[in-house]
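In what comes next, chain A is part of two complexes: it sits with chain B in the first one and with chain C in the second one.
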Partner chain A sequence: MSTVTENKPQGSNDPNQMMVPRPLKPWKATPKQLLPDVFGAIGTVIASLILVLVSPLAGILGFILTFIVLSLFIAASISWIRKDRKAAANSVSTIIIYFLAAFVLLPVASIVFEIIRKGAPGLSIGMFFDDMSVTASDAPLSEGGLLHALVGSLYVVALATIVSIPIGLLTALYLTEVKGKASGTVRFFVQAMSGVPSIVAGLFIYAVWMISLGGSYNTAAGSLALAILMIPTVARTAEEVLKLIPTDLREAGLALGATQWKTVALVVIPAARSGLITAVILGTARVAGETAPLLLTVGGNDAMNWNPFSGNNSALPFYVWKNFGLGTETGAERAWTGIFVLMVVVMIFFTIARVLGNKKG
Partner chain B sequence: MDNEGEKDMSQTKVNSLASIAATRTPGTSAMGVGLEARNVHAWFGQKHVLSDISLDFYAGTVTALIGPSGCGKSTFIRILNRMHEFIPTAAMAGEVLLDGKDVYRSGVDVTKIRLGIGMVFQKPNPFPSMTIKENVLSGLKLAQIKINNSDELLEDCLVRAGLWSEVKDRLDQYGGTLSGGQQQRLCIARSLAVKPQVLLMDEPCSALDPGSTLRIEETIRDLSKTMTIVIVTHNMQQAARVSDYTGFFLSDGGPGELIETAPTSHIFSNPKDKRTEDYVTGRFG
Partner chain C sequence: MSTVNPVKSEGPTPREITTEPRFSDRIFRGIVSSGGMISLLVLGLISLFLFYNGLNVFRSEGLSFVTSFEWIAESIENGTEASYGIGAMLYGTLVIGFIGLFFGFPLAVGAALFLSYYAPEWLKKPMVLVVDVMAAIPSIVFGLWGFYVLMPHAEEWAKLINKYFGFIPIFSMPGDFYSRSPFIAGLVLAVMIIPIITSISREVFAQTPLDRIQAAYALGATRWSMIRSVVIPYGKGGVIGGAMLGLGRAIGETVAVYTVLNLVYDIRPEVLLSAGGSVASLIVNKFGEATEPELKALMAAGFVLFMVTLAVNFVANAIINKTVRQG
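Then we have the complex of A and B:
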């Protein structure tokens, strides 16, 4: 470190300074080398703008189409002129990959942006402490709140997760570790179940709980409907994760005189922990935004209901659905805010799960 | 002329291997028969892969199993500690006697058998979710053995595996941070912690550099004072260096057979069977 603080004049013969190699990244292009690319990109934008102005193509869509075609053409030409045909092919494929990546990211970014733009302004502290039981449909946003929907959502998702994690993970363990005689059948049904439309899951619980058993709307019934959707997602993802754990590790455990159960519990599951947490996250993501099964099982409510085992309840997707349906201006605003809150809640859960999953030991 | 030259060269090679092996006195520390295989056959599905293997492993000695790939050496040692049965289509016949009792007799607790007959695998496989310390002591947890002084055992196992000096300051790091050779010695230390009578090693050095191989061979020599070791190897020099006895396996397209077994110096200097001679001189395989 002393060589830095001493700040010797250039050309010093200090051997220490000569010996210390500086970390270089010679594989990164210098700004000068990037210049043709930058000019090419700017040129393409300008050329597309001019083309759109003078030709019958019009609007943003016209500009994007022109831009894609022109950038492929210009990049290929520059590379070909500066280097050779292979460089041109490389440029073209690189640009195509970037555009395709952008096409995937754009809708997601657009959705998130739109939700924040329309949902965030309606946000207020008060809405997390009030429900809609005494608020008129066209009342201003300062009245009422979504506490009932938030609590309902947390209840229904938490209960569904509690039911799904053991069943889903044990199913995955049966398929990968026990490899019992029924594995093929179980795998087939798990795959078939993951294709069940969510309303069918709701109808199933409705038929069993309300019609056959004569029950009434409640939060737990809704979480069972969600569990039907969540179990196959958890089981399939967990199965894939467990399959990736090398057989070597299982054999090492067994060769140490462990029972299969001990090997799975102390070796296989810890090795797969991060992936198993992802499996649960994916399952939760699958059900957090479900509305249809809740309509049939939880029933909906404008008032607070702290008891998940009795009485109607609300949920954030349900709150959104209902407020959009009101047709009032404030209803729409409440709906957007509800979507925003739902997104934030889901993101908070994902972050917590990720942090827990990455922490070793 | 050409033929003669070839013969000379292979003769030199035999002599050098035999001279390495001759420095080992077979069975000096024998404590009676430790592990015996009697008329062992093995199948995968309908395929007969091992035929009528009878082989004794004397306690306190190192036995090397050599032979070309696919002749059933690994299958054979996996039969010895009942790891063979984890392959769904696998079957076997015959007896494996540990202290005179068949490990395949009905009602035997398989986990107790594997506790007594440890195994080191071809690829180092430390448990990724555990630290170095936890890896060494994992056997106790897995086999539910309670001991009082785990730190003493930890040091003892790592010293015997020749790894202590390299890891004593980083016992709480993960096993995956070690080099390949160190990982393999960690796996050896892990098998030692449950105090097995017999240690099976399936090509333990095939993925390692010469330096690590040498360290592991030293470890094997040290361990053989107190336990029976069976090692599968493709490296003839290694067999000559570490083993007291050598068994030669061969398959002529059919099931693998045990062609010859003898003190290692005999196998390399004066093999009875022509095929053994051809193999150890490098004429095939």
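Then we have the complex of A and C:
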């Protein structure tokens, strides 16, 4: 076995040079054992190419289907001939699972590719400094911009964050620090709350704000709808983070004579700080792209609206929705450009949450 | 200070020893507890407000609100009387939800198995990242991608299915209308529910006792027989719970479905035909030009949607909590 001979005897080395012995993997297949698999794979590709060329099956779809069927068949026969039926079942299932995993990656790759291909050409510096108030909807993309939507999105998300931070955090503290009688129920309902359809959140705010209180469309109403969707994410992530704080820290605080409130405020929360920030940013990433609740609450606008508490406003998802709904060529282009900007915003939040979350370890 | 008042220099007076929470703690606990109850309150308020607003519609329509197919707003110039029924929409919601599950579930569980037992170390992290990114993609992006990118391909697939399996009633095609069908909406939903099912399944598979896995290997099991005899029996419940969570998400999905589905107020058995339904899409579709009474009917539809998703989520979470989070 090649792996054994590569492992040098340890005593012959310079003692200053720390020699870490390479772990042995005697069960690992040698190149010679892998040979039939390699030939099988190459053979499958060639065979499916030939089959697609000579048979009525056509195109990439035909090739993929033939390739899957052939690879299953060939892998099964190789294992069956060399070993037994169980080995054949094993290699067939392995190939199926590899294909399934590959098919999961496919749509993501396609989405990212299309966003860049269709969204990037419409980008310009000017669009970040202009709104659509004096631009016709069928004007070329060099005119007008999406500043109003960007600012609107910033407003709704910021306000939603301000509302959900205290509620989400208090919920998490209740579940981990107070551990009251109702904590089982609360945890269950928070889980259920993360399944509330976004349109229902929008309808609820509409029913409260517009019907019962007689208000009109504005940014704050939209942010309340988003807060409903954001609270469970913040609460659940924060709970996970607080659970990781060692009980020793809490007990040390209490043993030094601090009250529970001081222990939580001065020991537990500072220790969990980066994790809690991650929780909030994850929530933000979740709601930044929400469309349905905004359709019912912010009203839409083509001009800038700096006042979040009065008057209609737009938001990036709303901008995309509106331009898509026009059904025109330029509308579609604007929608894709809007999606590009929206995805960049969401990914920025997502990356920050990732980096912070990993730093904590 | 100590020179002025020598008595105090002996140190601070001993702390009062008591098990009673201090005043500040009682306030703290009160605030945190009431904050923790807010989510209960919000859920209660949602059902209360939607039910209250839809009450008149529930009264006038009765049970036919969920069984009849027609959605006709009152119109004075046409002389039509209002009739609201979401039966077709409810049916359509379930159909696209199950189509989504049909395609999404094997992919998601396959990916979870791959990540847990097959993937080489270097591939694990990037692939988990991709699945997480998938969960962060907004639904409107899925909607537009489904409309502009997936639909042209999916129509071709639908034609192939119809060509070879057209003799089965659900794949038959009365006309030549393949676009915006429940099949395509289901495909978009399948992609959208993959991340949630994958992450729950991974969580479930991680709970499989390692000694059983090693025992299976020691007895000479191949990787697949180990999965079949250890991982699947242990994780079955949790994975089913994950699938139900995915179904709940599919039922409540609005924007992505609305962009790729043609709403028709009728129950059609053909899934490839351009005619489907979705309660959430109905709300978005009718909301813009709804009159006051129609708006109340939409609230009632929202209430039904809320109750259905809540029930699905309750059951799913109960199953998952039982199998995963308590060991």
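We adopt the following convention: the second predicted complex is superposed on the first by the 236 of 361 C-alpha atoms of A that agree within 3 Å, B and C clash if a C-alpha of one lies under 4 Å from a C-alpha of the other, contacts with A are read in each partner's own complex, and residues count from 1 in each chain.
In the analysis below, contacts are C-beta pairs under 8 Å (C-beta built on N, C-alpha and C of every residue); 3 or more make two chains touch, one makes a residue touch a chain.
Values in this document were obtained by computation on a predicted structure and should not be read as measured data.
When the two complexes are overlaid on their common chain A, residue A:232 makes contact with chain C while staying clear of chain B. Once the two complexes are laid over each other on the shared chain, residue contacts for A:252 go to chain B alone; chain C is not touched.
Once the two complexes are overlaid on the shared chain, A:308 sits clear of chain B and of chain C alike. When the two structures are aligned on the shared chain, A:122 is found in touch with neither chain B nor chain C.
Put chain B and chain C next to each other and count what each touches on chain A; the higher total goes to C.
When the shared chain is aligned, chain B comes close enough to touch A:270, but chain C does not.
Using the contact criterion defined above for the overlaid structures, shared-chain residue A:175 touches chain C, although it does not reach chain B. Residues 257, 259, 262 of chain A touch chain B in one complex and chain C in the other.
Interface residues of chain C facing chain A in the complex, by the touch rule stated above, are 15, 21-22, 24-25, 27-29, 31-40, 42-43, 45-46, 49-50, 52-53, 106-111, 113-115, 118-119, 127, 129-134, 136-145, 147-149, 156-157, 160, 191, 194, 198, 222-225, 227, 245, 248-249, 251-255, 259, 280, 283-284, 287, 295, 298-299, 302, 305-306, 309-310, 312-314, 316-318, 321. Listed in rising order, the residues of chain A touching chain C in the complex are 61, 86-87, 89-90, 93-94, 96-101, 103-105, 107-108, 110-111, 114-115, 118, 166-167, 169-171, 173-175, 177-178, 180, 182-183, 185-186, 188-193, 195-201, 203-204, 207-208, 211-212, 228, 231-232, 235, 257, 259-262, 264, 285-286, 288-292, 295-296, 317, 320-321, 324, 332, 335-336, 339, 342-343, 346-347, 350, 354.
Of all residues in chain A, those touching chain B in their complex are 179, 246, 248-249, 251-259, 262-263, 266-267, 270-271, 273, 360-361. Across the complex, chain A is touched by residues 81, 83, 86, 88, 111-112, 114-116, 118-119, 121, 123, 125, 127-131, 138-139, 141-144, 174, 187, 190-191, 194 of chain B.
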